[in-house]
Amino acid sequence: MYKKLKPYIMLAPVMIIILGIFTMGLVLGFFQSLGYFPVIGLNDFTLKYYKEVLLDKSFIDSFKFSIYISLISSVLSVIIGVLLAYSIFQSKHKKGIEEIIYKLPIIVPHSIAALLVYNMLTQSGVLARVLFSLGFISEQAQFPSLIFDKNGIGIIVTYIWKETPFIAMVVYTVLSNINEKLAEAALNLGANKRQVFWRIILPLIMPSILSSFIIIFSFSFGSFEVPYLLGPTNPKTLPVKAYIEYTNPDLTHRPYTMVINMILTFYSFLLVWLYSKTFKLISKFNG
Amino acid sequence: MKRNSYISKVIMCVIIFLLIFPLGVVLLWSFVKIWPWPNLVPRDFGIRAFEYILNPNNKSIRILCFSVCLSSVVTVITLLISIPAAKALGVYNFKGKDFFKILVLAPIIVPTIAVAMGIHVAFIKLGLANTVLGVVLVHLIPCLPYGIRILTNVFEIIGESMEMQARVLGANSIQTFIRITLPLIAPGLLSAGSLVFIVSFSQYFLTFLIGGGRIITFSMLMFPYIQSGDRMMACSYSIVFILSTLVILLIIEKIVRSYYKGENYFYM
Amino acid sequence: MCKIELKNISKVFENKRVLNDINFTVNEGEMVSLLGPSGCGKTTTLKIIAGLISPDCGDILFNEKSIVNIPVEKRGAVIVFQDYLLFPHMTVEENIGFGLKMAKIKRAKRIARIKEMIELVKLDGHERKYPNELSGGQKQRVAIARALAIEPKVLLLDEPFSNLDTRLRESMRNFVCDIQRKLKITTLLVTHDKEEALMTSDKVAVMLDGEIKQFGSPWEIYEKPVSTTVADFFGEKNYLTGEIKEGIFYCGIGKFRTSFNKYSKVIAMIRPEEIEITDSEENCGLWVKILSKQYAGDKIYYTLIADNIQLKCITNSKNIFEVNQKVWLKVDFDNIVFFESE
Amino acid sequence: GNNSNKEEYNVLDKEWKDILEDAKGTTVNFYGWGGSQKTNEWLDDFVAKRLKEEYDITFNRVPMNIDDILNKLLGEKQVDVKKGNIDIVWINGENFYTAKNNDLLLGSFTEKLPNFNKYIDKDSPEVKYDFGFAVDGYEAPYGKAQFVMIYDKVRLDKAPKSHEEILEMVKNNPGKFTYPAPPDFTGSAFVRNIIYDIVGYEKFISMEADKERIQKEVAPAMEFLKEIRPYLWKEGKTYPATIAQLDNMFADNEVLMTMSYNPNHVASKIVTGEFPETSSVTILNRGTIGNTHFLTIPYNAPNKAAALVVIDFILSIEAQSSKYDPENWGDLPVIDNGKLNEAEKKIFENIKLGKGTLPQSVLLEHRVPEMPANIIPIIEEIWQENIPVEGE
Amino acid sequence: MCKIELKNISKVFENKRVLNDINFTVNEGEMVSLLGPSGCGKTTTLKIIAGLISPDCGDILFNEKSIVNIPVEKRGAVIVFQDYLLFPHMTVEENIGFGLKMAKIKRAKRIARIKEMIELVKLDGHERKYPNELSGGQKQRVAIARALAIEPKVLLLDEPFSNLDTRLRESMRNFVCDIQRKLKITTLLVTHDKEEALMTSDKVAVMLDGEIKQFGSPWEIYEKPVSTTVADFFGEKNYLTGEIKEGIFYCGIGKFRTSFNKYSKVIAMIRPEEIEITDSEENCGLWVKILSKQYAGDKIYYTLIADNIQLKCITNSKNIFEVNQKVWLKVDFDNIVFFESE
């Protein structure tokens, strides 16, 4: 009996905190999204806010833009991060400085990261200046628009810069825990280095890649700072929309904030769930 | 073989350069007075921002120390409760495991502002608002997912057999935890710990709300400057922020490593 | 000093019954060998005794007391695992000293004991190495030393000598047996080496497919196997199906006098070493041809053919015969084992 | 502290000297935006020091954005927290309106303040109204701001002084001008200034928050914004999200102009070296919007007595003049010049004007009032619907 | 079909010379056993041949061509590791099929081959299991199957049967040998089982302390060991120091006639199985007492004492004597090995 309960007992403290603190918040947020917010005099439950938000033509654009940003940035971060982790792992003969410095961007808060990418990529940024002094461009306007642009390049670059080391750190941690003799065994069975990576290393670190992907995807899907600071005026990502509604001093706008947030939450859970399901399917049938 | 590791060295260096170079620019910016287009080097330098930060009147350094302590406490608590949870998720098979795995990500998935007000109300009711305890508790929320996920991965790899061996040799569960589990997960603990520290250290929205201004952290001082676009200030604060985090992390890493290294010499 | 009783232990893994109603008793201070083919459930049995796996049903008694609810570390039953499971973050010394430390043995005493153990398992000079710097056999010795260091009440050895060379194996075995006898450690030894099992143990348990097929003294097990499967376990045998009528055993290769007369339809089991071959015709011989021969140092393995029936024969290497040579075969049918055949 | 709950309730009934007595030896928590080094320094170095010397009050500045402050108060209101943390809030406009409307504030307290009574022109619309909303004594003026545009004399020899000149300038310098996208505070103010410049301000002052009506009234201004759009930075396809970014773009020579709601902003930016020495401000001839920022006390302030004392101190000649000095902050004073004696007037006159700024008299001449706060989000909405173009 | 030559291979680990000037040749299709005590450097040798460790100096030739610069996966030398190293994320099937997949074998062919291998190593029914669900011996069999599946040019077996019971061991051994012979796979087998080494191999290399002490046919190694250390490797021996004078060997237990006369001061090595004991006095016997006895099924191990010298003796279990019984001892000093003693 105890054996059966043991995992639940071990999860209990975490669940008490997550559920305990979260449920209250989520329920209140949900009520507000339904227009129930007595303290400012909204006393009726209604679906009108949902209807309004969902029917707003810019909502779909924002939704697509959000998905696009977080998907592209997360996928690229994962690829570069894994590449980085593996190459550090490979070239590690003795512990080098690179093992510490690659982690630096993790320490940098997102808003600073935005500032930093801004410094690099605007038409008067460091990159433009370098190109100018090398003679590749002759005036600012020739430098492509990478910040506040509708392709969200600035946002994506910021997320990649911020999350690549995160992925690399997680993957590197796991890599160094894998029995390296397994790679030897694979080499010995005729796998070349690439195959060792794809067939042995990658599948073994895949669970960690998956969960870090989920983390960075949901983070970038739900956070407003970077797209707010570097995004185009139109379309805005959903979190930016929600944030702008939230900061509207007219509190009767609060239900819109909550509607957008509830939709965001719902889709994040859905995507995470779908992703982990498909991942399971793939890993079952690739044999 | 040789050529391969050469290539990976090059890849590594390029990526690391791209990651680090912008930080160099931040460092530079914290001393820049003016840097007009198209100069490659700033026109004028100054130390206004650092003077401000070091000025005791605005308590930046005191608040920095407090923040470090606060985040350290949060980190320790997060890790302590993440370890059993991660072990359960990583080692055992039980009903609803997948559900729990997604649930622990909830704090990342659900936007903070969606739950902030509810949390605030709850904390006021519980008498936790405006207290250090309340802030510590609320920091656990965004920190836990990182702690749990990373440690879960580690537990999935190391499994349970070493712990079993220790139990068989007469170690009780606490001894097993301290002598076997901890050292085995130490690298993962370092990663998780540093990330959790960072997440807590850079929290500001929840700190505002629950700390209510009673508890002021370094990020609360820093963020207005980032928003106001005072690049010299923002970059200087960032540099202080980054350096202090780095120092803390290095100290932790040193302590952890020396603790387990030290065992080799005076283990009896 | 602990008597172990297993009562009706069963265990199912993923719908497969791995252990099926296991019952046996190991008396205080006894050494019992557990033999059985790969995958028959030996490791699982040890793990259940140590408390690392809980049985689906059944009870385990240590000194007449049920211990199924006692936590692992309180049972005092130490396993030496088949795959060593050395702590990777500890040196050889630290690994060996781990259990002592857990038992809160004083530093000075601990150091002395570790030193002693390291000498006994002949790992001097490797004290400061980490497991990944050790050879397979060295790892195994550390695992043994680690378990013995704490002088456990019950010692569970899972093929502890499999990666050691004959000499080291012998000396380690003697050393373990000595300690075992001196301290009266109740010991259960899983081994694939039949000689090891027969020579070192007070009793032998033969396990097949999750069941104990025979449990008895080495002599009983070897000389009086309850079935051909048990018998086969101690080296390949020759089986001759036939009938016994009036003191005569009729079979494919001829008829032989025997004093056995319990059943009429029988299978005669002839151990290869019970077959003698010579090139000089003596009394009551049988004429056979040598089909193949394998040199094994002190012995030679022959395959013989007599009337289309192949027989295995092991002789010492003094008389060497050539393949295709015709030789005379001699079997003492009075002393061989007959099983009833249906 | 030494003030029990009961006393707090009656703080507005108390005598000023009792209030001073109550405030003595206590700590006061001042919550407000903390993104300006100058402002922070003025509060931390000057106000805190003087309060300690004069009233034995410990001044604790908490940097917090107004929306966070309101949310905090709102949360406390829901659970009816009697004693919060915030003593003083730096506030104005829509946020004040929200706070007042949701009963988040203490009440009418300004009459209690000796300096308010002595130096402030209570009938001035700038004191009576905050973005068109009646103040009713719920907040005390703190300083004044006025919208200005900033340019670099070296790069732009003729600063535009009307919307027509802006059009001319952008046509001559395509891609070199832009404004922050509303609802950025300054960007929104720019749009309103353009509206005023094109259709005049008078009709907005008492206008109802009726979207259709407003839409009609501002249509010419929207047309103008569409007209200049192709000549804007990035062809008007996107706009900086915050004024901070526009400032940086100006500092980096990416655009020719930036703008500010603080006429002394340019001076402090020149002092810090972010803007070139040749930077200067310009205003529109038909006037630019001025507003006042205020200080208020939340309903559940734990130390209301000290809050009153601090606000009173900030309304003193000493504080207002110190604040006006561009070396310190450069924020326009709220004191009525007419209520000052000669010596006091001298104090203000002696303060050296910051580099690149306009004298207070010129500013006041061109000062027009803000629209009612509830119109502003509607205009922002209209802008959002009309101006930004989706990518090609 | 590959000839392997090791030339002056040396390897130092952390200041300790693990391999010291190793030289030997394995001809095409030969099976060579590598014997040696734990930690002597056997695994290291295999890893060097496979390319997993690079030697500090020396050269390795495959078919006369140096391969030290050829990457591991191109060498075609497959190791079966002592600690299995199964891929934990792959099922038994997938593990076995891994090498085939790497070699881009077509799916259908691969599946057929995997099925065949699984049958051969008797793991039917375990195809879909993951390594952590297998018993020790099952893991070892997967490791063997995985290596053999790709029919390598060179097969390096590191104690591949150590965790298997005698019968399975024998059948696996035969199966490996069959494949080896059929495909002429050049094979190097590390084993601790001296019988295995002697029976299966074309040549045996005995390694001690990182050096090859003797390299020759099984018969040479067993019958003509170059030193007592090599000899000891095949079971414990009796050594008698003495002198040979005029055809008589004088030693502690008496004097014996011998035809050996190369040296005068000698050590005589008598294998325990070369000592015969009887209770009936026959010609030229010696009177000894039985000190202890160990039953080992088909054999009995006795310790005898004659004039304060202990002798080990192994007999078949037909004649059973009791401890303390006095028996007559017979040794054929004509056929024993003498070493020169200094």
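Each chain gets a letter, A, B, C, D and E, in the order it is written, and its residues are counted from 1.
Here is the rule we use: a residue touches a chain if its C-beta (ideal position, glycine included) is under 8 Å from a C-beta of that chain, and two chains touch if they have at least 3 such contacts.
Only a predicted model underlies this, so the values are computations on that prediction, with no experimental measurement involved.
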{"item": "Chains touching both subunit A and subunit C, listed by label", "value": "B, E"}
{"item": "Chain pair bearing the highest count of C-beta contacts", "value": "A-B"}
{"item": "Innermost chain, where centres are averages of C-alpha coordinates", "value": "B"}
{"item": "Subunit B and subunit E: spacing of chain centres that average the CA atoms, whole Å", "value": "55"}
{"item": "Geometric centre distance via CA averages, subunit D-subunit B, whole Å", "value": "37"}
{"item": "Overlap residues in subunit A, where contacts from two or more other chains coincide", "value": "124, 140, 193, 204, 246"}
{"item": "In subunit B, residues with contacts to at least two other chains", "value": "37-38, 116-117, 121, 227, 231"}
{"item": "Complex contacts: residues of subunit A adjacent to subunit B", "value": "4, 6-8, 10-11, 13-15, 17-19, 21-22, 24-29, 32, 80, 83-84, 86-88, 90-91, 98, 100-112, 115-117, 119-120, 124, 126, 128-130, 132-133, 140, 161, 164-166, 169-170, 173-174, 176-178, 193, 204, 207-208, 211-212, 214-215, 218-219, 222-224, 239, 242-243, 246, 257-258, 261-262, 264-265, 268-269, 272-273, 276"}
{"item": "Complex contacts: residues of subunit E adjacent to subunit C", "value": "13-14, 35-39, 42-43, 82-83, 133-138, 140-141, 158-159, 162-170, 192-195, 198-199, 218-219, 222, 232-236, 271, 273, 294-299, 301, 314, 316"}
{"item": "Contacting residues of subunit B [partner subunit A, same complex]", "value": "4-5, 8-9, 11-13, 15-16, 18-20, 22-23, 25-26, 29, 37-40, 81-82, 84-85, 87-89, 92, 94, 97-98, 100-111, 113-119, 121-122, 137-138, 140-141, 144-146, 148-150, 152-154, 156-158, 187-188, 190-191, 194-195, 198, 202, 219, 222-223, 226-227, 231, 234-235, 238, 241-242, 245-246, 249-250"}
{"item": "List of subunit D residues in touch with subunit B within their complex", "value": "29, 31, 33-37, 40-41, 44-45, 48-49, 61-65, 68, 71-72, 74-76, 78-79, 81, 84-86, 242-245, 247-248, 251-254, 272-276"}
{"item": "Subunit E contact footprint on subunit A (complex, rising order)", "value": "179, 181-182, 184-193, 195, 199-200, 203-204, 287"}
